[in-house]
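The same chain A turns up in both complexes below, where it pairs with chain B and then with chain C.
Moving on to the complex of A and B:
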């Protein structure tokens, strides 16, 4: 194909990436099933289909290396799914290695380079060796007492599974189910899911029987150990007829194949997906099935940013509308003003819907990054010879796509640390009576406008004594100062650059370059990270992140003579300020709010703004809260709440601390957006973030 | 194009037709002096929109403003060249330019005068003629009829 546009190429790469991620997920499930001693042939089949699709795509885009590699891998997976090769641990290892190899190949194809990839070549040879011992061209079913009409429509794979099930003396059942065409996607998936609990679905085909215009009848061929009564009890319904099919039997679906196209023509593309015989190795090359099988589009996130900017500008128009309406009312044009107000409200509502819609598109489940991490856990645990059980909860929690992209590196560091430093050796675990396999838990959940992410291990916990000793020895803190650190301060030492409690430096961690970078990256995303540790029980790192970076509700305030926006997600309340209630505790100003003391700070002074001449009468305290830290910011005026689009400050201002960006306020003016996390840390640095204090003392 | 460029070139250079390429400079006023920046480096000249100061930024940063939705950091050339502070007048303008890293930056100047075309031979080395603090940012000086223009090196003025 000579003229493939850049856009098509981009799409090709992102689709390839997605397929490889699917493959990776399948392999992980396969690994888990294998460890649990279960066999799920559909997983291998799915992996096969993924690689097959990739091969087709590669061919289409002239990605030779990708195509050749996929071809070889496809052969191996074909051998596996057809039972010509056993899924031994070393086979699984090779399969896992292919995911990384794909990553490398894809990068090279993307850059249009032609470098040597020794590791991929090596993997090629390993694939070849595995394939060499396989007997190919096993004889097709012939000696079977099954109806040729049915056999004719079975693919080689289905035939193999049928044979395997019959050899195990399972019974065969035919489930004749009527589906509503409009809901068949979900209903069929649902049916398959439930039927799978009883055995394996060999195939499913339309019966071709006349049904209503909106319905379709399918036969599902199920191999199961359960008897008919059990199945009817579990799967029976008005639209389901279940029969046991004796081995010598008439065709299950006599006229299935010619009917297929016409029955489904014009229905939803998803339905076609369900019947598309990708397992039939020639289907992709045939052409028509290459058209996209899903109804999704991929969009560059910058385009969404652009849309969001337009929404931001429209909300400025909205404010002007209401101003004009007010003015009209003042000038006596009451009726016009009322009409304009109505328009304004309508506009306001629609704009809100549009904003929500765009935000929703940006959201992706955290599962995307968790899958990658699961692969890392497997790799590291093998490298270190530590058995690790990874427990993931909340993979469906959604967060801004941009945040997800930035999360994988920090999380990877944290998991490496947890496995390397946290989890003890098997011998040690046995001594203290812990289960031999260490557990790493990745938990995600939404909490208001934030997403919480926890990385937890059941290892030895942070050795606080060693950590302090190391900090003293490396000159990060003085001996005397060390003796005065409270517990939180001690734990926060792990974020000090250059500190690592591990004596030996190795490949994984122990160079002390991990956690300070993790912290910086999380802070950049507007998040904070907290450490909890119990000696002998484990360590927990908790990350608090905003759901989105694109648009936020903010409280507009004035400090001295300048307007600032404070993201509402970090504001817990705003109070009237009474200067007489201020006390001094350890050189810090605090006030008492509902019985507990709250450190406060004058925002204008903190930022070094010129002091206004006029005498301030009434002032306010905005309580900023992030994680478990709270700080009262004293400001001069509260303007109210507004939805704002945050634009980052330019690189020339990157060294200025305390601001998350700027936003347009209408009437052409720009307001700075406070980075509450940074401000809180800066002010409270004496307690929660020794790093800042240390750098003041020693830097 | 040739017709359009000949007239001012001839007027300003008074050297008739020479073969060496002419360089165009935008001439503007900062403080009481005339400065020039190569025209190709200037993307746009704006009347200053409201500028929001950025606390804790370096002294020469005036603040940020919005140019049709784009957030632009504005530098004060007066402060950058360590010239006397003056209140902004009606003729103040912002020159939009791009730093080496691709960031759009604004330079506040007191007044924009004109564009001159200079022969390379008309640009004198600055070392002998200028002793001020600004010298690190200067590539040369030129003497169009009746005036003295300091030509600035944008690369050293803009933060890298």
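Moving on to the complex of A and C:
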């Protein structure tokens, strides 16, 4: 027996993960279809297939618990898809619970642990109970007069669907369709989409009739209420022949040859023009490569990080090249310098392309995390007995894979909060004239170099009076201080550790994760949260995140003899600094920029750096902005813009706030990268400059 | 070199089969071409000849039975041995496959060794060197 290599095992886990996510999506669609009173048997079959595949995989890779669980679940889904069990709400609940159970089981299998999982055991029992009274074994479709060639290739499920359709008195049609092999996926999808309007496609059967090397003929068995003329009108084409199939019981005499319904009266079906041209032009050479039909590879994100680090190092080489060229020019080797500059430009361009390419690979749609959240919403709304309508926009918005991974917990918590604290009870909503179902909107969109994520509810809004009272009582702020808070500061209190407007800690929101943790996690990703609330109308949390963490354009500045990099995505502008224009407002230094006041702070002083001896008459203000907050950082010199790869500070410094990491500068020096979000927070929240915490840097 | 068409929608199962087949000296050098769906199989089939087709049954749209039926109807490929790989629960589907003309089956999960044995049975051991230049 060959070794199942680590690579194959990794592949197994990531495929299993994907299948579970597909399962989750299927269940959500199923739930939605159910609520809309629509039935889509293919959804249950897809869920069945997902679990079926998982079971097979688990067996191959020796994942015993995953296999046992999938086996039990497969039985249930088999009963459902074959109509032996009804999809009642409690069945759907159990199905949803399996997604989380899968997550736990998979983790255990991955870590090679053997922990007890009481919640999974409990789920096993629930699955057993549901399956207990199901009668298995149903009558075959042999009773019906159907093309035996077609019957022979039906799987058990397809046979069941056929029977179900016949029992509902639907007519059966055979669509004989010719496809070009190179375009069959799209052509068939189109066909499926159109056929779905009329009924259910039960099976696809290649007829095996020779139609040329690049074409294939398929028989589609379609069950429909519509009559032949309607179908021909809607689905007919040159390459489609539709016939009605007899579907009487065997006892009845077989009917004469089926009614033919070729559309344009053409005798033999032929490929449509588009197909012909394509086939002629490309013939065999353009056919897909034999070896790689699967066009995707899965890559560990660390490998991409590694590539990105190499790009970072290459950009240092690039800077050196340009410096050497300058020196050569200075020393009079003009021609050599020009050549080197040309080389440098070319290198620069290609390096840029490479960097963009790597970044693009890291991007994944936010929809991945939204799917998980949709499940959470469903679960919570059932637990709390609150009906929730989840509206998602911008699921296709792309963001760095690493950020997506870190987003799901904070978002989940925000949504929990919104449903638990925000959305009122149905009775209360009725009283104030709101729709009974609460709405949670999850919006994502790109805004420049940032992705905006909003979690919005149409609930009662934040009770500001209660929030302030709680903050005072718990000693977080003084009574006098409280009276002077402006609105934004009041709302920001929800991020103070230990402040929750609810008295009792409940199962849902009180799991030891507060909004303070949410905020910390978002800040770690280089993002910020803003809160908006309208009493009686709703609450909106807006998260601003960078698109990627891998590489950033930064403004290099000098403050008190130290070079710092400020991520350009957080810089709105840089101005000349005029010390005479500084005013003091509420113990805070501000300047006026185009009519509005801007709080400022001396970066070197903030970081407690020694004041340099050099002449500093000409200084600058870099305006850092995140969300709706702005802060002017006074610096001594602007070097200009550079793309930098941010490297972590290492374990001993990782807890220092205010810095996102370090970066190598072109001249072998290291510069610290400012975490603008954290700096803005520190300064604007009025917390004393984080001097002690930062002193380690120059101690 | 002998050529195997592997029809299976799970990537890790394909990887497993490929590794297993590559590990057996008795099978000699094999070219394993992977089809990730029934469609891919239909597309790849004309690019034969094939010495063996290994197919899953439960796949979306074009299922394994349809693949088998198609192969058996095709002049060029009807003699190619077909090995079904499916789970225990699809017993009925498997029987249908055998009725349609598949030459053998393996129940998932199977060991690499069982797969190699079946493949050997269908393909015969590696031809004497020189026979396939």
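Just so we're on the same page, the second predicted complex is superposed on the first by the 550 of 699 C-alpha atoms of A that agree within 3 Å, B and C clash if a C-alpha of one lies under 4 Å from a C-alpha of the other, contacts with A are read in each partner's own complex, and residues count from 1 in each chain.
We adopt the following convention: a residue touches a chain if its C-beta (ideal position, glycine included) is under 8 Å from a C-beta of that chain, and two chains touch if they have at least 3 such contacts.
Everything quoted here is computed from the prediction, not taken from an experiment.
With both structures placed on the common chain, the touch criterion links A:349 to neither chain B nor chain C. In the superposition on chain A, contact is made by A:652 with chain B only, not with chain C.
Using the contact criterion defined above for the overlaid structures, shared-chain residue A:203 touches chain C, although it does not reach chain B.
Once chain A of one complex is fitted onto chain A of the other, the partner contacts of A:185 are limited to chain C, with no touch recorded for chain B.
Ranked by how many residues of chain A each touches, chain B and chain C are led by C.
Judged by the touch definition given at the top, the superposed model places A:670 against chain B, while chain C stays out of reach. With both structures placed on the common chain, the touch criterion links A:194 to neither chain B nor chain C. Of the two partner chains, chain B is the only one touched by A:662; chain C is not. Of the residues of chain A, not a single one touches chain B in one of the two structures and chain C in the other. Residues of chain C touching chain A in their complex: 9-13, 15-16, 19-20, 22-23, 33-36, 39-40, 42-44, 46-47, 57-58, 60-63, 65-70, 72-75, 87, 89-90, 92-93, 96, 99-100, 108-113. In the complex of the two chains, the chain A residues touching chain B come out as 309, 313, 562, 607-609, 647-653, 656-659, 661-662, 664, 667-672.
Chain B contributes residues 49-57, 61, 64-66, 69, 71-73, 99, 101, 103-105, 158-159 to its touches with chain A in the complex.
By the touch criterion stated above, chain A contacts chain C in their complex at residues 1-2, 4-5, 8, 11-12, 15-16, 46, 49, 52-53, 55-61, 67, 74-75, 78, 149, 152-156, 158, 181-182, 184-185, 188, 203-210, 213-214, 216, 287-288, 290-291, 293-294.
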